[in-house]
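Across the two complexes that follow, chain A remains constant while its partner is chain B and subsequently chain C.
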Partner chain A sequence: MAIGFTYIFRVTRVFHIAHGGVYVAGAVALWWMLSKTNNWAVAVLFAITVTAIMIWLIEKAIYLPINKRQSNQSILLVASLGLYVAIVNTLALLFGNEDKIIGNSISGSFVIGNIILTKVQLIQVAFGIIATATVTVILKLSKSNLTFQSISDNESISKVLGINTEKERLKVFISGSMLALIAAILKTIEVGVNPQSGMNITLSASVVAILVSRLNILLIIAFAIALTLLQNSVEWFLNAQWKDGITFLILLLVILFRTEGIISYNLRKDTV
Partner chain B sequence: MSELLHIENLTCGYNSKTVLQNISFSVNKGEVLAVIGQNGCGKSTLLKSIFQITADLSGEISFAGTNLMMLKPWNIKQAGISLFLQGGMVFSAMKVSEHFELALKEKSKTEATNILEECLNYFPALEKLMDKLGGNLSGGQRQMLSFAMLLSQQTQCWLLDEPTAGLSPESAKQAIDFLRKMKQEKQKTMLLVEHNYQAAFNLADRVAIIKEGKWLDGFSKIEFQNENFLNTHLYN
Partner chain C sequence: MNYLLHILVILEIYILLALSANQKVGLSGLLTLAQAVFYGVGAYATAITITKFGFTYWLALPSAILTCMLSALLFSFVAGKVREFYFSLATLALQIIFFSVVYNWISVTRGSYGITGISNPEISGLNINTPGSFALFGGVWVLVVILFYVWFLKTPLCRLIQATRDDEIEVLSLGKNPKYYKKISIILSSIVAGIAGSIYATYTTYIDPTSFTLDESILILSIVLIGGAGRIIGPITGAAIYILLPEFLKFLQLPEGIAANMRMILFGLLLVLIVRFKPKGIFGKYLIQ
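Right, the complex of A and B next:
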């Protein structure tokens, strides 16, 4: 979720709050098709199609036209927030607000000292590693990271150098959304999904996107894991209510003292 | 000389504000047309419009017989035009080596090696800067890298937006010398927007003036090298 959000934010400059809406829509699409067909392959394919069409429409009908008008970034943020609300409300209207649980046969757990790991959690870790490794290899082989870095750095120069920025933006939105879909499916298998469950995970991903200003998957993963550990430690030692408070306190401190993020490039002051 | 770039009744601007209206001119193959005018008269907007970066425009723009009006910037580059943006073509967070890697991404290995060699022949100092980030280069180094990026595009026509802006007199001279070499050795066609009028006059075959949104075209070398040229046509 953090990788997708960070890439989308850094490359397109869209603070894509609607990522949470796409996450939930993908999970609900899977749950709905699974309840109709009881076939995992069909349900996953359906969820992929719904997610891809949804993000394609969002980019073509909303983000890209606003970007072409060279509007203020805050307009994109408001548009994204509006989209998130529209997606969540539509899902709630169509499928109800309650948790949608997928009945699965993956049960059982492993106990290591005081820690209990369920099989579903281990599957989540395995899929997370496979998805991340796949994305890393694809980016490396296609040299896409260099293209994304250039657009993130300066979209006008990228265009002038012959880069089809519209195509690259779409690539980032679709691949970022597919990563969100993987996260959504894995989470839904574990605890189910409801229309509101996309916001918290998107806000955590957005904190990582602000902390790491480089397009480096390993750094993004390291920060995402550190943030999750911190959130869980706060929940464990203090109170669950403090979890989000601590996350956003860190974000506030970074914005106040290192606007360019914790991990950024050390550049001449006149070019920053 | 044959006509390469042709502009007919071009009206352009931004944010619904018209900057240039009904402008028509053409640039011949291998020719350098310098465009001068006072701040805010629309010189940069003209170049961005030809490259389809400006949204509000109408009229006709053709290059070697190809209509550019329906094309996107990346297609225009493929058609054979490059735009040199004011301030240079340097990515702050990318190494110099990554600039070349990006610019030559679509080329074959042999082709990319040859182009890189050619760029380094013109700008040998870049070889020692390969591991440096674009954002950490000095003004002169940025300019070298920008010209190398331009050269690596292998395009026939260059739209140059203030290539000497912000440079020291020495670096500005080197920039003009490079452009002159490109004109003589590679017969590059250039549409040059320049605030440094003397630099522009040194390089140009023809000069055009944009004044109060109007296009005054076709001043020959004899005319613009006259010492009263600017007073007569631009400042009065």
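Right, the complex of A and C next:
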């Protein structure tokens, strides 16, 4: 989630809160098709198709036209909030507000010393590593990271240099959404999904996007792990309800005192 | 009849909230995602002073306003440090921090249990405890706030606030301090939101943190953007659309559960369409871009 959100935010300037809606829509699409066909391959393909069409429509019909108007980022944020509200409530209307559980046959656990790991958790870790490694390799081999960095730094100059920014934007949105879909599927097989479950994970991902201003996957992963550890420590030592408060207190302090992010390029004063 | 009066009271509360957000968004250009914080501060300050200290409404209200003004100073600090998108982001963070604090500070706010037994206001021994009397009471507050803004929009101070919104450097070149005008705007906005919070707390006689969430802040901002920022009529129209939309949906004979989701779907889509095609909103004066 953090990799997808950070790339989308840094390349397209959209603080894509609707990412939470896309996350839930993908998971619900998988759950629905699985309940109809009981075939994982068909269900995953269906979820991929729904997610891709959805994000394509969002970019082409909403974000891109607003971006062409040279609107500031707050307007894109408002549009994204509106989309999120519409998506989540549409899903609640069509499928209900209750948790959608996937009845899977993956049960059992492993005990290593004091640590108990369920099979589902191992699958989550394995797929998480495979997905992030694949994205890293693709970005390295295709040199897309350089293109994304260029658009992130200056979209107009990137256009002058012959980069098809509209195509690259779409690429980032679709890749980010596919990563969100993977995260959604992995979470759904563990605890299920409901229409509201996309917001918290998206907000956590957004904190990473602000803390890390560079398009560097390893840094994003490191910050995502650090944030998750912090959130779990807060949950362990205080209680679960302080988790969001502490996370966003860090975000607020960074915004106020280091707007360019903790790890960033040196920026001119007027760009932050 | 009581149901219609209840709708009217809720409409009045949202008109006050929308007018308070319009002060920040429309007059100062500060796109806030934390207006529910001031609404909550007003409601909690009223509830706590009434239930814990035995204040009457008329003593609780100034305490609520004062607490809102103190919170507004924190927001002014944020507004002085960051601008535009990062201001919106900072307010989003403040909103989530506020919810966490209210939810967890059980000794003061009673957390998720909420505060019960908030007494109704009294005027000359007359207890305001029916939907009809509350509709009248809320209506008077709405009228007072509208009349204030009719006057305020014509004042030189308001013109300076708007000038700060349009061009901070120009205001600086006139020898004025833009931060000062932002601070005034945020304080005024917090007072109106605090009044709405105090009315809400005494009307429902029970409050809990779920009424002051990020969703509520998004809703208040949406009401202003849909109705149109910068004028008095815009926020009132936005609030009327939001409150009357489910009543309209009832004519389509949609079940209650569906109507609630339908309202939010239509409102979300309306917000997207307004931002996409009519950034000034329905009756707006200030182009948010």
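Convention: the second predicted complex is superposed on the first by the 262 of 272 C-alpha atoms of A that agree within 3 Å, B and C clash if a C-alpha of one lies under 4 Å from a C-alpha of the other, contacts with A are read in each partner's own complex, and residues count from 1 in each chain.
Methods note: contacts are C-beta pairs under 8 Å (C-beta built on N, C-alpha and C of every residue); 3 or more make two chains touch, one makes a residue touch a chain.
Keep in mind that what you see is a predicted model, and the values were worked out from it rather than measured.
Student: For A:R69, select first, second, both or neither according to whether it touches chain B, chain C, the two together, or no partner.
Tutor: Touch status of A:R69: both partners.
Student: Pick one for A:Q241: touches chain B only (first), chain C only (second), both, or neither.
Tutor: second
Student: Which partner, chain B or chain C, touches the larger number of chain A residues?
Tutor: C
Student: For A:L249 in the superposed arrangement: first (chain B), second (chain C), both or neither?
Tutor: So A:L249 only meets chain C here.
Student: For A:L161, using the defined touch cut-off, is the partner it touches chain B, chain C, both, or neither? Pick first, second, both or neither.
Tutor: Only chain B; A:L161 stays clear of chain C.
Student: May I ask you to decide whether A:S150 touches chain B, chain C, both, or neither, giving the answer as first, second, both or neither?
Tutor: first
Student: Considering each complex separately, which residues of chain A are in contact with chain B in the first and with chain C in the second?
Tutor: On chain A, the overlap between the chain B and chain C contacts is residues 69, 272.
Student: Flag every residue of chain A that touches chain B in the complex, lowest number first.
Tutor: By the definition above, chain A touches chain B via 68-69, 143, 146-147, 149-150, 152-154, 156-157, 159-166, 214, 265-268, 271-272.
Student: Could you please specify the touching residues of chain A with respect to chain C in the complex?
Tutor: Those in contact with chain C are residues 15, 61-62, 65-66, 69-75, 77-79, 81-90, 92-93, 203, 210, 239, 241-242, 244-249, 251-252, 255-256, 259, 272.
Student: For the complex, give me every residue of chain C touching chain A.
Tutor: Contacts found on chain C: 31, 78, 81-82, 84-90, 92-94, 96-97, 99-101, 103-104, 218, 221-222, 225, 258, 261-262, 264-265, 267-272, 275-276, 279, 288-289.
Student: Would you pull the chain B residues touching chain A in the complex into a rising list?
Tutor: 51, 53, 55, 72-74, 77-78, 82-83, 85, 89-94, 98, 101-103, 105-106, 133, 135-136, 149, 153
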